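Paired with chain B in one complex and with chain C in the other, chain A is shared by the two complexes that follow.
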Partner chain A sequence: MDFSIQKKQKDSGKKHFSAAVIGSGPAGLTAAIYLGRSKIETVVFEKIIPGGYVVNVEKIENYPGFVEGIPGEQLGKLYAQHAEKFGSEIKTEEVTKLNLNEMPFRIETSHGSYTSDSLILATGTSNRKLGVPGEEEFTHKGISFCATCDAPFFEGEDVIVVGAGNSGAQESLYISRFAKHITIVELVDHPTAEPILVDRLNENEKIKLLVSHSVVSFKGDKLLSNVDIKDINSGEVKNLKVKGAFIYAGEVPNNDLVKDTIKLDEKGFIVTDERLRTSIGGVFAAGDVRNTPLRQVATAVGDGAIAGHEAYRFLEEKK
Partner chain B sequence: MGLISEEDRKYLKEEFSSNLKREVKLLYFRKEKNESEYSKQTKELLEELVTLNDNLSLVIESCDNSEKMKSEELTLCPSIKIKSDRKGFINFYGVPAGHEFISLVEGIKDMGSENLSLPNDVIKDLKEIKEPVDIKVFITHGCPYCPGAVRNAHQFSLVNEKVKGSMVDANYFGELSMKHRVSSVPHIVVNDKIGFVGNMPPNLFLDKVKEALK
Partner chain C sequence: MTIKVYTSSSCPYCTRVKKFLKEHGIKFKEINISVYPRAAKELKEKTGQTGVPVILFGNHKIVGFDESKLRKILKIKK
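Up next, the complex of A and B:
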């Protein structure tokens, strides 16, 4: 059992900051590191746990410098420590409302009100839902979006994983420690995960990959007990008896705070220029929430560095 | 080396030193016979923790002592209850390991101080609750969303004596988890009846609890 702790910084009690970062994943905390080193008073708001979604990932293997990979939880803690070392304050508070019509920007959270002269949106993404019958009914009753949280409940059971991208593949490998058998259902005709992960799926006797299939419906009585899946090519519908389903079928941007105020692309991702400026001056976006061609820890870190630097430049020019 | 790293020991010493203004007792109920590795590690952890501050002490009790269990209003074994002269019911059924270790530390700090980080409107609403509310938060050690829910339940108990807040290790208490159909965490059960899933800000968490009481 692990007994290590996420260290907390003392609350400064400040209500105004030069820069506010919403979201403490790799993008947000990297921005905070760069802002801190530029001597900018910075606050980072995080609704769950510093590190963002990355803490759910058992091991990150493609982040340069960590040859043997690094547990996401550990990387998240390191990012938080690094940001705090250079003076940024991390608050575990959920941002509930933003007023970007006036300067300084006004930020309402679950615990109070703050103002800031600049803002970096690094709110990331959430797992996309499938929108099929039974999904709402059996969410948290067999359907899960967090393997590290819920996989132990399916010890010795059959489960399906929806999506054979990187997340679906990685989580399937994790779930295979507990489940008896895993069927991965992928809509397109090939797994979209990195080839190294596909090799591991193929080598794992517990995992079966079904490409060109989609989920038609989730069924059960109080708890999930079976799913209907369809062969895209033949149209044939099969029924699988499963106790659990983990859904990793793409992402939707966490844009609720700004969907009516900031320019978004057709999928709802925040539109930025190459300096990660949004449609509102002084507001920047970094990481998975923006329109970017690749959503990885490494790209989020790069975004965070640019956004942090650009927010600093914005504040300097405003002086 | 113990279960807590040197670096974390140093950090916890500082945290306890600046927060523990009164004596805090960790009450650990465990099975005496055929003690499991799980229970032994819990005991070892608590023994290490209480060396970090003079205001901390550990009392080990047997779950066979049903009268004592009853007087502490505990129903499951093993259990860690944090007590001080501050009113509140901060309890852990099972081991607060992994992501839950922070919940144990925050619980100790809360009981040893006057800390309360709840919004004023939540405090006001909580004070108006008249009936007993038992909140059990089912967790797994790998769940990063769970400590927020556990902390909500624990902090609610500090505001209103009618509220009891307990973490429950869903894997260890498998039968109870099955009874409440726990398959995603945090899964919150109110008064052993109605449940809801997910961490949320204190005001929404309280709304869900009140909804469950209707």
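Up next, the complex of A and C:
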């Protein structure tokens, strides 16, 4: 299998497409594969690199077919190669504005303007910030949202990880290769990660799990040096001396492009029906950005297949 | 003047910075903190940063992938 960085992406110079996909995570690129195989001229817009959030994950162990797991970065590259194989064009351009009031839809990006007859929103989520004092001040000065990027900065240091869900657990295990000691601070009274990950946390001597605690504030001088945490039950505030903090306290939908135009649920996720149609005809949503009960690579891929197929149906019915 | 790009192995924004510089034919020296952990310590002491990518060029320091800043400092037209 070739995991090398994909070749320079082709640029057809086209400004109009039958389908446009925003976001190149598992959902967006699967939609592009299905659209490409249906001979639909498709463009995928990605602001960073193909793969979406998955490229931040050191190893994905629960995606069927990869028995030993697969590094997220490699999986992202494979998805991109697969979408390009069937003719989709991937553009590394940030979408800055959408006009969904007229057909074809207008798409403004960091590099130009495009139009499309259908649209799939697969913009994913971002890590939720805690909104506590010191968080902004010490971001990249001790606080990180990407363990696979920044863990080497904390070689031999004490750190905290906020959140004991799947991301927090997985990243804690990764950070333990570098840090001396990790305290995982979890708001609820039990870790919410998969039991197999919880077992690994418990087996790791460097990791201590502190449930029913929340972060009150991050403190330091130029760099983070300590953090106040509160016991939810007793109200007692303790101070931990740490040089690093990694935050995995849930996610927020990347809905900026459509928050004023498309129906969202109370948490800001895009509302879809079972065919992944949104409140605007010809606009579909797939993957983590929509109101779905589970946000995993496997579910995003399923969403992408449905959205790609439904966009194709929409275009056929329009003819 | 040498452009130094501090990166780590699994960092999407680092890949994006490198792609941007290569696309514009700009040579740079990459220092991967995952391969050279000592470089992480040096970077932290020198710049007060604990995140990558960091791009150092003369007196300029850019943290993260900031296309408009890169274009401005490296005089790259759109």
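To be clear about the criterion, the second predicted complex is superposed on the first by the 314 of 319 C-alpha atoms of A that agree within 3 Å, B and C clash if a C-alpha of one lies under 4 Å from a C-alpha of the other, contacts with A are read in each partner's own complex, and residues count from 1 in each chain.
We take it that contacts are C-beta pairs under 8 Å (C-beta built on N, C-alpha and C of every residue); 3 or more make two chains touch, one makes a residue touch a chain.
Here the structure is a predicted model, which means the values were calculated and not measured.
Annotation: superposed three-chain arrangement on chain A; chain B versus chain C shows a clash. Contacts of A:V55 after superposition on the shared chain: both chain B and chain C are touched. In the superposition on chain A, contact of A:T292 is made with neither chain B nor chain C. In the superposition on chain A, A:C149 makes contact with both chain B and chain C.
Contacts of A:S18 after superposition: neither chain B nor chain C is touched.
When the shared chain is aligned, no partner comes close enough to touch A:S214: not chain B, not chain C.
Touch criterion not met for A:S88: it reaches neither chain B nor chain C.
Chain A residues 5, 8, 48-49, 51, 55-56, 73, 92, 110-111, 139-144, 146, 148-150, 152-154, 222-223, 244 lie at the interface with chain B in one structure and with chain C in the other.
For chain A in complex with chain C, the residues that touch the partner chain are 5, 8, 48-49, 51, 55-56, 58, 71-73, 92, 110-111, 139-144, 146, 148-150, 152-155, 178, 222-224, 244.
Across the complex, chain B is touched by residues 1-8, 47-49, 51, 55-56, 73, 92, 94, 96, 110-112, 139-144, 146, 148-154, 222-223, 244 of chain A.
The residues of chain B lying in touch with chain A in their complex are 3-5, 8, 11-12, 15, 38, 41, 45, 95, 97-99, 101-102, 105, 117, 119, 140-148, 170-171, 177, 181-185, 187, 197-199, 201-203. Every residue of chain C that touches chain A in the complex is listed here, in rising order: 8-16, 19, 23, 33-34, 37, 40-41, 43-44, 48-52, 63-65, 67, 78.
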